[in-house]
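In the two complexes below, chain A is the common chain; its partner is chain B in one and chain C in the other.
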Partner chain A sequence: MNSSRFLLWWDRVIAMTVKELKQLFRDPVLLAIIVYFFTADVYMAGNGIKLNLHSASVMVIDHDHSAASRELIYRFRPPYFDLKGEISGKKEAENLLNKGQILAVLDIPEHFQRDLLRGKQVAVQLQVDTSNTVLGTLATSYATEITAGFGQDLAMQQLGLSAGQVDSLPVIEDRHRVLYNPNQIDSWFMSISELLTVITILSMMLPAAAAVREKERGTIEQLAVSPLTPLQILLPKVIAMSLVILLGTAVCLFLIIIPVFHLPVKGSIGLFFAVTALYVFATSGIGLFIATVSRSLGQVSMLVILLLMPILLLSGAWTPPEAMPQGLRWAMAISPLYYFIEMGYDILLKGAGIAVLKDSLLGLTLLGLVFFSFGVWRFRRQFG
Partner chain B sequence: MGETPLVNENPVIKIQGFCKSYKKQAAVKGVDLSVERGEIYGLIGPDGSGKSSLMKAIAGVLSFEQGELEVFGIKVDSESSAERIKGRLGFMPQGLGLNLYGDLSVEENIDFFAQLRQVTPAQLAERKQKLLKITRLDKFRDRPMKNLSGGMKQKLGLVCTLIHGPELVVLDEPTTGVDPVSRGDFWAILAELLREQGVTALVSTAYMDEAARFHRLSLMYDGRILAAGEPEFICRQAQGSLVELSAEPQIQALDQLKNHYAQVEAIGSRLRVFVDDKSPNEASKAVSDLLVGVEVKAIRASEAELEDAFIALLRRRRLADQKTNNHAVPRLDPPLPEGQGIAIEARQLTRDFGQFRAVDRIDFTVRQGEIFGLLGANGAGKTTAIKMLTGIVPPTAGEGQVAGADMRYAGQTIKERIGYMSQAFSLYLDLTVLENIHLYARIYGVSRSIIKQRIAWVIDIAGLADVTGQLTGSLPMGIRQRLALGCALAHQPGVLFLDEPTSGVDPVGRRRFWDILVRLARVEQVAILVTTHYMSEAEHCDHLALMYAGRIIADDSPTNMIRALQQEAGQLLKIATDRPLEALALLKQADFKGAALFGKHIHLLALDIETVKKQIDALLDKQAIRLIDLTVHAPTLEDVFVYRVLALENQELS
Partner chain C sequence: MNLIRVWAVTYKEWREILRDRLFFAMAFVLPLVIFLVLGWGISFDVENIPFAVLDQDKTAMSRDFLHRFIDSRYFDYKGDVRSEREFDALLAHSDIRFAIIIPPRFQEHLLAGQSTSVQSLIDGVFPYRAQVAKGYVSAIIANFNSYSLADYLAGTRGISREQALAQVAPVLIDPRYLYNQALRSQWSMASGLLMLVLMVTPPFLTALGVVREKENGSIYNIYASTISRSEFILGKFLPYLLISCLNILILWWVVMNVFGTPFKGDPLFYYAASVIYVICTAGAGLLISLLVQTQVAAIMLTMVISFVPAMLYSGLLVPIESMEAGTQFEAHLFPTLYYLRISWGSFLKGLGWAELWFDVVALMLYAIILWVVGYLNFHKRPKQ
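Right, the complex of A and B next:
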């Protein structure tokens, strides 16, 4: 008897899940959005956003016009810098910087070569537009490195040493080994980060949209008088949307990230999908909560955006946890994306197994249970 | 153009060969219409018959492809000409309070519309005062619109439409979803304004029984006008007679009649047959000769009513869907036990929402095989009562049994045993008919071994065989409602709850729907509890309960209810005069409180008919108003409803 009740319970859930999938596949707009997110959006993120300096436009004010100044200028070269030519004065430089047409201006003083040859200390000026902090900082540090390198080479020349004899100088060399992403390819980091963000958006958005649509069309009323429990109404939406999101994730990994960006998957893909499923389930709880407080699809979208912001900011994707004030570091514990990003990179790039992930896994599971129960509880209060 | 030069006043609205399409879907297919100054002109037809498109075009807010449209003698053919007429007319679109702002108060709404129409402050103050008084909204000036009842919202909508003093008002289904009392109010206000200000009104409705309210009307169907003219004229066009009879056993008599006549329906214990091309006497004889093996208890023949005429006209033009359900698929499970088992029982059922008592100690019983009607104004507590009985809302006090389970403890069991069809259509528009039925069969736990057979039964009983593969969104209202009924029947429940199941369905669709309900009750012994605003529909019920302010104020069979009213308030007098508006004012002054205007007639309930006749004669004589005709009729359920509710309202006021 008990087992037949159990089977009936699941039979109802399955019937509802099939219904959700049918409805989704008959909604061309929603389908187009999902396809776009998992393909074009991730592709653009991987291809478009660079954290290395790339083709930063530079102009030069060369007051010296010597071999040394030319040598220095020559070192500002592609792919990092794009030398746009020479200008004559500060006024013009300021003007171009103001208009945002160039990122930096290198100012080489008169007697640059003469002073260098005399062994005097010489300063060059670099004016950088840092209204975009990331670009500005990158340009500054690259430029510093170039000038320092130029200075070192010049010093060695004067000491009569060739470039190969650098070992005989008392210089500390910084040899860093880049782990996990040896070539520091941005597209790996960016595309995975975008994929995880897309999963976050859709796992809030899709179940919430499916639930609120029942409200909008009044179909919820018919379900409320049926023998379905609130959980049987909500669970199918989460199951159906999770399936769609997992399918989308697979498409994104195997058709975009792996073949296009050549991501070497270090860990187990199966584990990654399992973690993703857990994450979608956890985040859909937030979606269900959104559905209970909104009356229309429009309100759902607004609330998703509203909640997405703190989830992203607290996820550690943009700022490492260590750089956050203590209070916010605590708050990160309630951003499900924090755990997901950590586990996602750990599995895909570092090849981590369950043993390494168990703390994050536990955190995400707890968070998921809290969110999901809260969503169902709100829904039950509204329609139960 | 100018064929009638002797008429000094041009029609307010003149339309010729009007056509309107949405993409490839033709909505209006060639309509001619003319509305004279000072008349209430009706457009009657089901949803989707083209009424709204026509009205929007007249109001200058919808462009059209073909035909000529003149309003106030101005040809409307461009944006700029439309702008010229807009200031002189008022338009109220369809939907309860849809053109109003929910968060603004009654007064703020009126002020907003006045500012929009550039009404001067002095005019505004005067008109507002007057309109609020006759609509009896002056007590609710500060109440936000969203907290008004349906009837009050419509009255406010009317006030906002009239605030700029238009010469013509175009009202799109102002009485849909409004209870009979508020509906009566609404018509009275309109008649009053007509008399005082000489406004012309074009009003659409889906209720056939409102036809008598119009001076002239057009019956619309599928983008065309079936018939136009005065209500009596249209009834005569149907050419036939209506025979009403009661016979035992009813279902056998019904089947025999259906084999012979195309237009037959069962209403409660009565059968109604429309007989083509025969006078009442001939028709009555033909019907009683036809019936074999059934006992005819009473038989009466009369002229056709508008609804019968409408269906007859459709039938002649082969527009009506003449298919009847053949019920070829047998029910697999044994039918519910015949006899007098109690299906629903409410004892002292009460529900409070905070301070507000929505349902106040109601008692009633519904037996297996009985159709029980719950009537009442919007907000009378019908929906809350249903929600308690279906287990959605727990009761504050009292108890109830539904389908053999106690509603206080066995909510889940009840949900599995009942069928429910909600007020608004609530199935999935993006699933096909078959998919919807299949989904509900599985939700209700129909086992896989019989699901095919069960779906076949549902499709057969709801008459859906032709549309199984279609997306629900593409179906007309009438079929959607049958599908909703079918889904509610997927688990063959013994008790069925229907919350205003037929709003917006055309008369043909409504008949077919009730056909199914009657069969379910009589043959399958299903207990049916239904709420409705259509009083003509309430007559289908075996038993009625009338709710007011959360209480049941009358509980009896329709026939007994009408009989009780006859004993208490008398018969219905229909009075025709040459100056109906003045006559009405006169009668009201002379303490005939219940007098109401129906088109050119005045309706009045009177106990001592002879004395009242004399009184009326004398009154009218004094003002030299000519009495054309005075006829005596039995009151209808609508009269019962309005009389009972108004009596209570007046009691509360005093």
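Right, the complex of A and C next:
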């Protein structure tokens, strides 16, 4: 008796899940958008955002016109800089900087060479457009490195030392190794972070939309008088949307991220999908809560975006926890995306196993249970 | 065009917005939330990088060297480890993002006038941060080296320490940060985000306004009435324009007072340009509403076609100059690029009509094209 009741219970859930899937597949625009999110959107994010300095336009005001000044100017080369030529005065430089046509102006003072030969320290001015801070910071950092290199070579020359003799000087050699992404390929970071964000948006939006659509059209009344329990109404929506999202994730990973961006997957793909399934379940609880609060799809979408924004902010996708103010760092504990991003990078890039992930896994599970039971509880009160 | 009919539609729309209290609140809250979250959330200031140390030398000199990191505001010292293997777990778990290893006999080598090397490990998951961190490490080491060399030369060649220092580092670079002197990424971000928020919310509201009627079926009342399409579109649009114009002022206030960004340009010019931009982006919303049948699809499509150009092709995160030629061309096809120039120009650079007229004209053209296309494709007789 008990087992047949159990089977009946699942039969109903499965029937409802099939209904949800059919309903989704009959909305071609929505379907197209889901496909777009998992393919083109991730591709564009991975391909479009490059936070590094690449041929930044530089111009020079050379007051000295000497061998030394030309030698220094010559070092501002691709890949970081692109020398656009010489200009005569500050006015012109200012004009070009204002228009945003060049990023920086290098100003070499008079008597540059003479002072250097006399052993005096000379300052070279670099005017940088910092209205985009990322570029401003990188340009300054590279320009400093270039001039330091120029200075060092000059010093060695004047002291009568050749490059081979550096060993016999008391200096520290800087040996750095960048782990997990040795060539600092932006597309790895960007595409993964975009994929995880897309999963978040859809796992909140799709179940909520599926639930509110029934409310808006009045079909919820039919479901309420059917022998289905509130959980049997909600669970199929979550299951159906989770299936679609997991399928989309697989498409994105195997058709975009791995073949196009050549992401070397270090950890276990199976573990990644297991974590994704858990995450989709956790966030769909938030979606269900939204569905109980709103009356129309317009309201759903606004609430989704409203809740999505703090979840994104507190996730560490753009700003890691250490760069946050202390108060926000505590608040990150309630953003499910924080745990997901952490685990996503850990598994895909760092090759972490369950042992490393257990804290995040526990946090996400707890959050998921809280969200999901809260969503079902609200729904039950409304329609039970 | 009959203004009384336009007014009737506007009045009806306005009442509808007011009665949907959630929607009305969202129309103001949503832009503000997006704005605050991204303004605080996307920070490119790389500070407080957590790091750990393996000091195999433990001498006065190694401690002095390490203190250059520990005392820096860019790094956040998390403690010492006893073996290199401990770093793996710490880095994999993101407890630290950077590790530094001092070799044995560090002091001995330096005092004997020989070179030594320091190994650093940097977490490369977020490439931009890794690059900046690498820059900091190189700068600290270079600075240590020049003092170490100067001391050595002063000792061996019998010159004063100052003279030696001038010889070792003959050229200094003196960076002048234009437009954003403190290199505060929040200034650029806040004034740039106006572009993003005003790209997302006006089309959102406009599209929902039209599609709601389509989904409810109340659009048939319009089809059957004597009102012309231009009267309908205009009447529909006016309440949303009003909301967006208020939002411009609210966000402007936030940029200046919450984020402390100075406004150097001409307020009237900027406000006029912003209104043109809003008309332009709301026109995109009109086009979306013609394409889709359901509100969910409208919302998703708005997010897709507004977030992507605003984030990727505007120059906010990725400067136009560092894009590839094809991408640069695409970037010029979106209105976001032109408005971002106006926004940064007005806030940070103090420019006005004289320098920015081209961008304003581009926005005007854009607005005209979008509205004409929208008008021509809006039919009172639905095709079957």
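By definition in this document, the second predicted complex is superposed on the first by the 383 of 384 C-alpha atoms of A that agree within 3 Å, B and C clash if a C-alpha of one lies under 4 Å from a C-alpha of the other, contacts with A are read in each partner's own complex, and residues count from 1 in each chain.
The criterion applied here is as follows: contacts are C-beta pairs under 8 Å (C-beta built on N, C-alpha and C of every residue); 3 or more make two chains touch, one makes a residue touch a chain.
All figures in this text were calculated on a predicted structure; none of them were measured in a lab.
Identify the partner contact of A:Val58: answer first if only chain B is touched, second if only chain C is, both if each is, neither if none is.
neither
Applying the touch criterion given at the start, work out whether A:Ala123 contacts chain B, chain C, both or neither, answering first, second, both or neither.
In the superposition, A:Ala123 touches chain C alone.
Under the stated touch criterion, name the partner, chain B or chain C, that contacts more residues in chain A.
C
Once chain A of both complexes is superposed, is A:Lys19 in touch with chain B (first), chain C (second), both, or neither?
So A:Lys19 only meets chain B here.
Given the touch rule stated above, what does A:Asp27 touch, chain B (first), chain C (second), both, or neither?
both
Is A:Thr140 in contact with chain B, with chain C, with both, or with neither (first, second, both, neither)?
So A:Thr140 only meets chain C here.
So, does A:Pro310 touch the first partner chain B, the second partner chain C, both, or neither?
It touches chain C, and chain B stays clear.
Pick one for A:Ala209: touches chain B only (first), chain C only (second), both, or neither.
second
Tell me the contact category for A:Ala291 with respect to chain B and chain C: first, second, both or neither.
neither
So which positions on chain A get touched by both chain B and chain C?
27
With touch defined as at the start, can you tell me which chain B residues reach chain A in the complex?
Touching chain A: residues 390-392, 412, 415-416, 418, 420-431, 435, 438-440, 442-445, 487, 497 of chain B.
In their shared complex, at which residues does chain C touch chain A?
Against chain A, the touching part of chain C is residues 20, 22-23, 26, 29-30, 33-34, 37-38, 40-50, 65, 76, 89, 91-94, 97, 109-132, 134-135, 137-139, 141-142, 144-145, 148-149, 151-153, 163, 165-181, 183-185, 187-189, 208, 212, 215, 291-297, 299-301, 303-304, 308, 311-313, 315, 317-319, 321-323, 327, 341, 344-345, 348-349, 351, 355.
Looking at the complex, which residues from chain A come into contact with chain C?
Its residues touching chain C are 27, 29-30, 33, 36-37, 41, 44-45, 48-57, 72, 97-100, 103, 116, 119-138, 140-145, 147-148, 150-152, 154-155, 158-159, 166-182, 184-186, 188-189, 201, 205, 209, 213, 294-303, 305-306, 309-310, 312-314, 318-320, 322-323, 328, 342, 345-346, 349-352, 356.
In the complex formed with chain B, which residues of chain A make contact?
Answer in residue numbers: 8, 11-12, 15-16, 19, 22-23, 26-27, 217-228.
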